[in-house]
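Input: structures, listed below.
Heads up, the next two complexes both have chain A, just with different partners, chain B and then chain C.
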Partner chain A sequence: MISLAGRDIMHAWGKFVFTGVGLGLLIGVTLTMAGVYRGMVDDAKALLDNSGADLWVVQKDTLGPYAESSSLYDDTYRSLLSISGVARAANITYLTMQVREGGRDVRAMVVGVVSGGPGQPGQPSYLISGRQITRGHYEAVADIASGFNLGQSIQIRRNHYTVVGLTRRMVSSGGDPMVFIPLKDAQEAQFLKDNDAIVQQRRRTAENPAFNRPNVPGLLNQVIASQSTNTFVNAILVQIKPGFSAEEVAEPIRHWKRLQVYTRTQMESILVGKLIATSAKQIAMFLVILAVVSAAIVAFIIYTLTMGKIREIAVLKLIGTKNRTIAGMIMQQALGLGVIGFVVGKVAATFWAPIFPKYVLLVPGDAILGFLAVMLICVLASLLAIRAALKVDPAEAIGG
Partner chain B sequence: MIRLPIKSRTLAMIAVIAPLLILFIYVALRSGPLAPVLVTVTAVENKAISPAIFGIGTLDARYTYKIGPTVAGRVKQVNVNVGDRVHAGQLLGEMEPIDLDNRIVAQEATSKRAMASVLAAEAQTQDAVARKDFAKIQAKRYEDLLTSRSVSAEAVDAKRQENKVAESSLAASNANLEAARQELARTHADRGGLSQQRTNLRLVTPVDGLVASRDVDPGTTVIAGQSVVVVIDPKSLWVNVRFEQLSAYGLQAGLAARIALRSQKGHAITGTVLRVEPFADAVTEEVLAKVVFDQLPVPLPPIGELVEVTVALAKQPSSPVIPNASVQRIDGQLGVWAIEDGDLRFAPIRIGATDLDGNVQVIEGLKAGQKVVLYSQHALKASSRIKIVKQIPGAPTSGSKP
Partner chain C sequence: MVNHLSELKQASKGIHIEGLRKRYGEGDTAVDALKDVNMIVAPGEVVGLVGPSGSGKSTLLKCLGAVIEPSAGRMILGDQVIYNNGWQIKDLRALRRDKIGFVFQAPYLIPFLDVTDNVALLPMLAGHPNAESRQRALALLEALDVAHRAKAMPSQLSGGEQQRVSIARALVNRPPVILADEPTAPLDSERALAVIRILNQMALQYQTAIIVVTHDEKIIPTFKRIYHIRDGKTHEEAGEGRAFE
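Take a look at the complex of A and B:
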């Protein structure tokens, strides 16, 4: 028994393959859109993974440090260390800003980390080149997405930092690359104004008779000095000891220290549910429309392919071919088209995903789901076509 | 011949489909969860590392002389400008004396008057002495005459009384003289005091040095203790350095330091740790130390300039050393991903000293020659499939030390 579908495909294989490729590109776009959505969620999770924290301690009544601004005194971590179940606690600051390098500037999330040796919470957990920060000042570890290179000198506010290490996938929830710098520098960078503003501020203070008192020499200098210090951090990352549950440690901190504490699950729901909620929904909406449009196009293609062969089908019916054989031929062709489309789509999506400026995460689950959906759509579309084909009058073959 | 077109069609079909399938399989295996994680590997080395600590500080003068008046007043003149070299004892400026000079003249006049008073009192005393001598002789003479009964007893008594009066008058004159002398001494002392005050209005530097700041100009009224001119001793320049407490272990006086001025980026000057302050900064969690230059830079850098100081600590004995990029913390445990027979194993380690180039001493957990993961494309798990590469794609050449 010869394969009717195979023979038919072979008859016009170029048309068949090109239709499949076209379909594949459309499926590729749909898969990529799903990848964009997944990437967005993954960026948010990467932020949490990279911090290496079990608990985030932030200012009371805030959703900090990522979704809202939060500030804590930088010595609060000492009192947290005394809470039972706390293994390590480290200050951290986050500030999204432009980082300058040569003539260009890159939008980056500047993270201030305690340079207390390897494995401290907040430090980049793995590198792809260079080394971790060892000096307490003016060194930086940058994400590769920032385009910075080892040994380069980058400028944050008015200080210059040497890039000593590079990481990968260390991004903010918005997908901006992270630049890790020592905490003290970051604290300064957060509040440090430009030199003009500082000079003007000094002049303003000097004009104030309350601070510039002739009979108290030195007062003005002290006041000015106190204006340019910053003893705040955005959050404290806490790692808990083995054997303690996150909530077990979080509760005493909330109760006794009167600070807000988030566990990993809570933080994830804040990031995914609040911070990226609307943009993720936007993408999800687009994904749904794209999927529906793709399904419609697949269905139409199969329908028109079949309709293009309506005369041949009439001939088949005329020579007494069974309905089942005709239906089988159409369905096999539809499924073949679907398989080619899926393969092309998957390959295309995989190859163009890394070119995207933001992270595109292609999840195998999505691919499998996509494959099943494509097959289902093909089956449904071919049913429509089969119905039309079976209704055709064999007389058309000769009548026309 | 008839079958050939069909065969070539099939061939063409295969030519299209087969590469597509191969590509698909490649894609499925090389991306997603089935793909191996690319890692680079380094061997644990046995070497001696030289730890160092790094801090920043500001350039300071050890001795700063704030020269100003001891009483409130108006500045009459300032003779020096910022940057001038001055010598000990040099007059830098002067305060307005107001009426002080006139008071000195008045005091001189008073003094002269007192001197005249002394002379007058001395003359009076001489006069009194003469009178007393005469009265004494007269009294003696009358007493002699009384023995020969040539004068009356009353006359003798009168002479005796005159003698007594003359004696008293002499005593009074002596007292007057003493008073006049004391008055003279007082006016002299007053005059001296005024001169001292006058000298005090002169602003004089106690040391050889450099004028660092000229805070006020002539005509300005300053209060007691406010500085008019600040003189520093440039030879006493030192660096007030702050070291992060976390990495300050081993810091002590006498260690060699490399001082890099912000204005001379990349050019380090040698120095020595002079002392580590007994008080650390409790708020900023920093250890404070003073570092002096072995040789003062010329020209003198400005006071207050930011400097970076690297202090070299004693060389550690040779021990297994790994780069800090390979150290991970998994489930609260510090360790590295060791490669054993091509498989990953998390090896817990205890680390010791670190140096500024990112080398970490391993005290426990690793032996020299063992292979550990240095860089990885993703975070690793024990079940991760790995592929060892020379360098992670996209990353620049590893190992370049900035």
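Take a look at the complex of A and C:
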């Protein structure tokens, strides 16, 4: 038996291909939306991977450092080093801000790290060019997504930094590129006020009789000095020794240091479950709407194509074609449209995904699921047309 | 091909209708579209079925074509009683496919199948292999002088060629009867007469009974026998049989 659906598609291939391309672009958008979600999750995981930490020690009762603000004294890490199972501990600060280069501003996550070689918690794990930060001030390593180049001078607050290294896939959970600078500079950047504010604060301190006592010389200068320095960091990244479990090391820190400690699994659930949960729901809503719209479009197209063949269907029924054959023809056409649409959508999504400003991750598993969903939608969408076709009276071919 | 044609001739045994009735609705609103229809069409014979609009021609054609169920009567197709105050056959779709050929006012060829497959589709639907079905189709197309357009699409054919292809489609499953509903309506006189000539040739060649429903004054004189249908009843009369004397 010949394939009636195949012959019909070949006969009107132009109509089918153009319709399939239209549907494919919609499927491409759907696949891209799924890719945006995957990209967000992957960004979050990349953030954790790139930190090189096994444990995140943050201010008690906070979800820091990525989901909430967290403040710890910058000498706390010393006491952590004495805890059994801790191999390395390093301070870190995170601050999302505008970084100026020439005449343009780039939104970036500025990360304050302790200078040191690769493997130190918080350091960029690998560079695609240049070197790590080796000096205590005014050097930066930037993610390539920031658009900065080696040797360029960038401005953070009032200080200028030279880009000495470039890295890749070092982004915040929001997709902003990271710029690594020395910890001291980052602490200052977090704290530093503008000149007017500093003058105002000094004036107010000087006018406070508790700090400006005539019989205690030097007190005012000490107070002002203490106000001008920042001794806080956002988190301490901890690497544990081989043979110790994360929970085994985390528990004494929670108990004795009265700090919040998160393991990798916990931090991942905070990032994925809390930080990007709303965005994920938003995207899920889009996916549902796009699926419904796709189904409606396929249903409409197949219904219209079927209604255009009512006379042929009546003739087919009159000459003895089984309902199963007619239903099969319509369903195969719907599936054919779905296959064309999916191929176009997949190709389109693959081509336009890199153009998106944020990372779009197209996972083969999503493509397989998407294909199955498209096929299911096509089957469901064809039911309306099949119902209409099966109701066609073969007597219509005779007329009268 | 010769074997196939002789096989076709042996297969057909005409149609016999007795006291066929068809009533639409019930009670006070009931309408008797067919009151007492009696017809016999022998194998190899072409008869005309004529009558004014609303006389019941289309209803009769639908009953004969097993598209609607008569209310009473008896129909014998070939050597098989298909209706005797109720359908005697369960699968009417298969009956239409295997025992009845249809030629319509417009050819109604399937636009996305080429000429060969339009004809071969019926045997394929009946479960015959594709190659055998196409061989059968080509034999008929040759007999109807349209084999040279075997690979053409219906839209590339002239009106006369399309009608010949639809006749081939009606014949391909070797049915005992062909029902032709105004087959010459869209054609000019010359082509209309050509179609009737072909129907007569095919009826003789394949021993098929052909009933031609028509209003067409120019072809009515070509029938040797004519059934007039008025008020749901048939009246037989001799025709002129002009073109084929």
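Some observations on this one:
We adopt the following convention: the second predicted complex is superposed on the first by the 371 of 400 C-alpha atoms of A that agree within 3 Å, B and C clash if a C-alpha of one lies under 4 Å from a C-alpha of the other, contacts with A are read in each partner's own complex, and residues count from 1 in each chain.
Methods note: a residue touches a chain if its C-beta (ideal position, glycine included) is under 8 Å from a C-beta of that chain, and two chains touch if they have at least 3 such contacts.
Just so it is clear, the structure is predicted and the values come from calculations on it, not from any experiment.
In this overlay on chain A, chain B fits alongside chain C without clashing.
Of the two partner chains placed around the shared chain by superposition, chain B and chain C are both touched by A:M10. In the superposed model, A:R311 lies in contact with chain C only, and not with chain B. In the superposition on chain A, A:P394 makes contact with chain C only, while chain B stays out of contact range. Once the two complexes are laid over each other on the shared chain, residue contacts for A:L372 go to neither chain B nor chain C. When the two complexes are superposed, the chain touching more residues of chain A, out of chain B and chain C, is B.
Of the two partner chains, neither chain B nor chain C is touched by A:V288.
Within the superposed three-chain model, A:I319 lies in touch with chain C and out of touch with chain B [touch as defined at top].
Looking at the shared chain after the overlay, A:D75 reaches chain B, while chain C stays out of its contact range.
Of the two partner chains, chain B is the only one that A:N149 touches; chain C does not reach it.
In the superposed pair of complexes, A:A206 makes contact with neither chain B nor chain C.
Minimum Cα-Cα distance between chain B and chain C in the superposed model: 5 Å.
Overlaid on A, the two complexes show chain B and chain C touching the same residues of chain A, namely 10. Residues of chain A touching chain C in their complex: 1-2, 4, 7-8, 10-12, 311-312, 315-322, 325, 393-395, 397-400. Residues 9-10, 13, 17, 49, 52, 75, 87-88, 114-119, 125-132, 134-138, 144, 149-151, 162-166, 168-169, 184, 214-215, 217, 231, 239-242, 340, 343-344, 346-347, 350-351, 362-364, 367 of chain A are the ones that touch chain B when the two sit in their complex. Residue ranges of chain B in contact with chain A, taken from their complex: 6, 9-10, 12-13, 16-17, 20-21, 23-24, 27-28, 31-34, 54-56, 223, 225-227, 243-244, 246-247, 283-284, 308, 323-325, 327-329, 331-332, 334, 351, 354-358, 360, 375-380, 391-392, 394-398, 400-402.
Those residues of chain C that touch chain A in the complex are listed here as 57-59, 61-62, 65, 67-68, 93-98, 102, 104-105, 108, 110-113, 117, 121-122, 124-126, 130, 153, 169, 181.
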